[in-house]
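First comes the structure, then the notes that go with it.
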Amino acid sequence: MNKIRVTIWNEFVHERENPHVAKIYPGGIHNTIATSLRAHSELEIRTATLKDAGQGLSAEVLDHTDVLLYWGHAAHDEISEEAVVRIQQRVLEGMGFVPLHSAHWSKIFKRLMGTSCALRYREAGERERVWNVNPGHPIAEGIGDYVEIAESEMYGEPFGIPMPDEQVFISWFQGGEIFRGGNCWYRGSGRIFYLSSGHELYPIYHNPGIQRILYNGIRWARPHGRPDKMPIHVPVENAPEKIETRGPQMHDASGRLITSGK
Amino acid sequence: MNKIRVTIWNEFVHERENPHVAKIYPGGIHNTIATSLRAHSELEIRTATLKDAGQGLSAEVLDHTDVLLYWGHAAHDEISEEAVVRIQQRVLEGMGFVPLHSAHWSKIFKRLMGTSCALRYREAGERERVWNVNPGHPIAEGIGDYVEIAESEMYGEPFGIPMPDEQVFISWFQGGEIFRGGNCWYRGSGRIFYLSSGHELYPIYHNPGIQRILYNGIRWARPHGRPDKMPIHVPVENAPEKIETRGPQMHDASGRLITSGK
Amino acid sequence: MNKIRVTIWNEFVHERENPHVAKIYPGGIHNTIATSLRAHSELEIRTATLKDAGQGLSAEVLDHTDVLLYWGHAAHDEISEEAVVRIQQRVLEGMGFVPLHSAHWSKIFKRLMGTSCALRYREAGERERVWNVNPGHPIAEGIGDYVEIAESEMYGEPFGIPMPDEQVFISWFQGGEIFRGGNCWYRGSGRIFYLSSGHELYPIYHNPGIQRILYNGIRWARPHGRPDKMPIHVPVENAPEKIETRGPQMHDASGRLITSGK
Amino acid sequence: MNKIRVTIWNEFVHERENPHVAKIYPGGIHNTIATSLRAHSELEIRTATLKDAGQGLSAEVLDHTDVLLYWGHAAHDEISEEAVVRIQQRVLEGMGFVPLHSAHWSKIFKRLMGTSCALRYREAGERERVWNVNPGHPIAEGIGDYVEIAESEMYGEPFGIPMPDEQVFISWFQGGEIFRGGNCWYRGSGRIFYLSSGHELYPIYHNPGIQRILYNGIRWARPHGRPDKMPIHVPVENAPEKIETRGPQMHDASGRLITSGK
């Protein structure tokens, strides 16, 4: 099997601006995650950030990515429409997408969901338990009853998402809330796994349980049987006078045609 | 029970430009549908077209609409980003949305689905059978085994949509294809029913079976238990230092905040 | 609109044997629920218990029931196979089914789910919050952010059910668990709503929030567009030599044919 | 990776009694399928039939099976309740299950679905097209737009199943019907893939496209991250007076406890 090409994208803002965050994630959240994933030889890891060419989300990067991890928060609004459309297109073609924590509020996640993606939240350093509600799911492999996080940001319901296609984890919070925080969707030929746990103020990506979930999530989200192209041939048995085909074209928000060649 | 306020929106292009279409739908597709629906006293029907103020999709119109039927084809690209965002917001708040036929390719449908919404098609005037695969579903009420359409445009799979939350109809075409053409989704507090049958070149909206499906679809899609507002209060039991809330805000494609007031 | 014919079935064992339970539910859980529902004039309420003819689940009862509420715990094993098959058949024909609390472990619920229906539990009189994760759902109408229950039995994940078709409520428990406790499924022409809150040792069915959820659940689960019969005619366009049809027959566990006439 | 242990179970009745069927499948349907699958070195294939000890479905067989293919038709009623419960239990524990063609009417399929599993059918040797509606799905890997079957038995809608969790194929039939014939469900820790094409009177299992689908289906349905046991420990933070746990026990149809030890 070929290696799974993983790109860990991080806006990389808080770690540079907030000393408390920098202490927890000296090289940035992306590098902490990258280090944990490099233990797995079937993964080929690279990182990218907002400061890179093409905001780190260029066609060159995405075309060589099987699974994209995405951490964003402070800079959601800076992401270009072109980058959003590129990611969406690649997901529909089969690239796995793993938005993390506050990426629930990113343009690309909202674009793929079609919903508000709103939630309630509270920063109070309270205990979180990430309950495994689907023990036979590949993303739950090796995870016991739950992953305990001593201090976490609360994310609470209602979460403005389409009903997940597969529900793997639901979080319990000390302050009295619950949250659907480990959710799978299928969109086009791509797979999406959202994991809510991961606030920058707490060392959550150092937690071995969370690291295992990310590894499992990448393996689940990797491309599966992606077709080389969408079919365009139309069989004819009743003498149609004309045949037209419509490929998986995509428009940007201004109505401009972005792609056609698939 | 209050009446269900239905707005039938039609781009109204083909009927004005193509004499063949004008003959089938002299007052436009919207008026043919309106006439059939006015037989039902619990519905309050109005129509709107692209030529109206705000493209017929102004806040005034949408705020007084419980269920929006939407037929578009030639003018998809003319619809403003503002109108798309308004419809999306209203759907998430609970407005029913019934995109018809080639509206699969509209900006608003793609926005709500998050996928390519691509399909294959052929105009050959071939026979279609709209099979009822869900006889106990409210939208199938009064529909027998299938609705037969003597001449139709073929729409074929793969259809680039998220798996429907409820599958009501699947079409058979004489030329050898099948199509998931009667599909339900839940998005936010709103319900979406897509019906594929309805090409402008054939008198499909004069078909009593299709008229019945539209009536059923409206009843199914009407708002159900829509909350006055999304909850923003956060209970506190463990002395959080600060509480912030995030309403169902929505950004347009350029990152500009569109709404907040819910 | 015809009235919705509701049958509240209760095994009625704990209330007769345990003085503590009898004090909370003097006439039995079924009568407490019945009293609260009789406030709604569109409902026609009757009750039935295990001691009635046909275990309270005779064909006569079920044939005149639009929605069946079902509370059982101690006597699951006493329910006859014939009663289980009758309920299943009626659900598939379109009868609404609302299993309550420990009915997760009833034969009929396991039969309809096809899964273990196992869960974890703890009787510790701890606080439960029934979170509304689907504010636009009909069963959440009039319910705010959550329903608070001061003392409850804990039910915890993993819950051995098929993924719900619609998730309405998820419970938080003081002791550290979460539970998918307000779940909808479609089976055949029937609708199933499971509500977990409702232990006999606590006055949960006196809670106005729970009463409202039950009322909403009945309205949601009532038959919608149930067909008189399943279709058996097969259209023929290519000279098939013979046509056979297969109705919605059902076998009991010993392989005996139970029904055929639908 | 360990080999995937596949058991192909066949009732093996028609091939012994009907010379026409015997000519198409001289060693039985199971051996034709086995031969095609043995080309794949990661599979370890064995076959079993109704005449074997324990009806070919003994605990010994099932405990050493990762994925069970199951073809039945004439002998559905002969299958013992014990065998049905064993298969169900193993599926919930994580064994893949691939019921074929007329196995839609088997006791075990009905047991796992909870629904009627009824359909319409016609034996007329007509053309079938198995349309790929999910090109990115692992079971569609290597399958183009559709698999064409020159002569097939028609299976038609409505099909009395729970909505599939994933829809991969939908069949078109020459005579005018459609059928959801390539369907995935998750039940407990197990995966179920139903494939409808496969009537004994036609050489459908000799079709390379169908053989590829079966191979893909096995790979998809193999156990993924199956837990060694279901969790039974209950965390305690608020001094519960007593803790009881409930494992994934299962009762047979007469209420007898079958398993407990998981």
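As written, the chain order gives the labels A, B, C and D, with residue 1 at the start of each chain.
The definition used in the following text is that a residue touches a chain if its C-beta (ideal position, glycine included) is under 8 Å from a C-beta of that chain, and two chains touch if they have at least 3 such contacts.
Fair warning: this is a prediction, and the values are worked out from it, not measured in the lab.
Colleague: Would you pick out the chains that touch chain B and also touch chain C?
Modeller: Both chain B and chain C are touched by A, D, going by the contact rule given at the top.
Colleague: Could you check if the interface between copies chain A and chain B is built from the same residues on both sides, meaning over half shared, or from different ones?
Modeller: Comparing the two copies, chain A and chain B contact each other through largely the same residue numbers, since over half are shared.
Colleague: As a quick test, compute the distance in whole Å between the mean CA positions of chain A and chain B.
Modeller: Between these chains, centre-to-centre, one finds 29 Å.
Colleague: As a quick test, compute the distance in whole Å between the mean CA positions of chain A and chain D.
Modeller: 33
Colleague: Cα centroid separation between chain A and chain C, in whole Å?
Modeller: Spacing between the chain centres: roughly 37 Å.
Colleague: Of all the residues in chain D, which ones touch at least 2 other chains?
Modeller: Each of 132, 135, 156, 158, 163, 165-166, 176-177, 186, 188, 230-231, 235 in chain D touches at least two other chains.
Colleague: Over in the complex, which chain C residues touch chain B? Could you list them?
Modeller: 94, 132, 135-142, 144-145, 165-166, 186, 188-190, 216, 223-227, 230-231, 233, 235
Colleague: Flag every residue of chain B that touches chain A in the complex, lowest number first.
Modeller: 76-79, 81, 84, 88, 92, 105, 107, 110-116, 118-124, 126, 154, 156, 158, 160, 162-163, 165, 174-177, 185-188, 230-232, 234-255
Colleague: Which residues of chain B touch chain D in their complex?
Modeller: Touch list, chain B to chain D: 129, 131-135, 156-159, 163, 166-167, 170-173, 176-178, 180.
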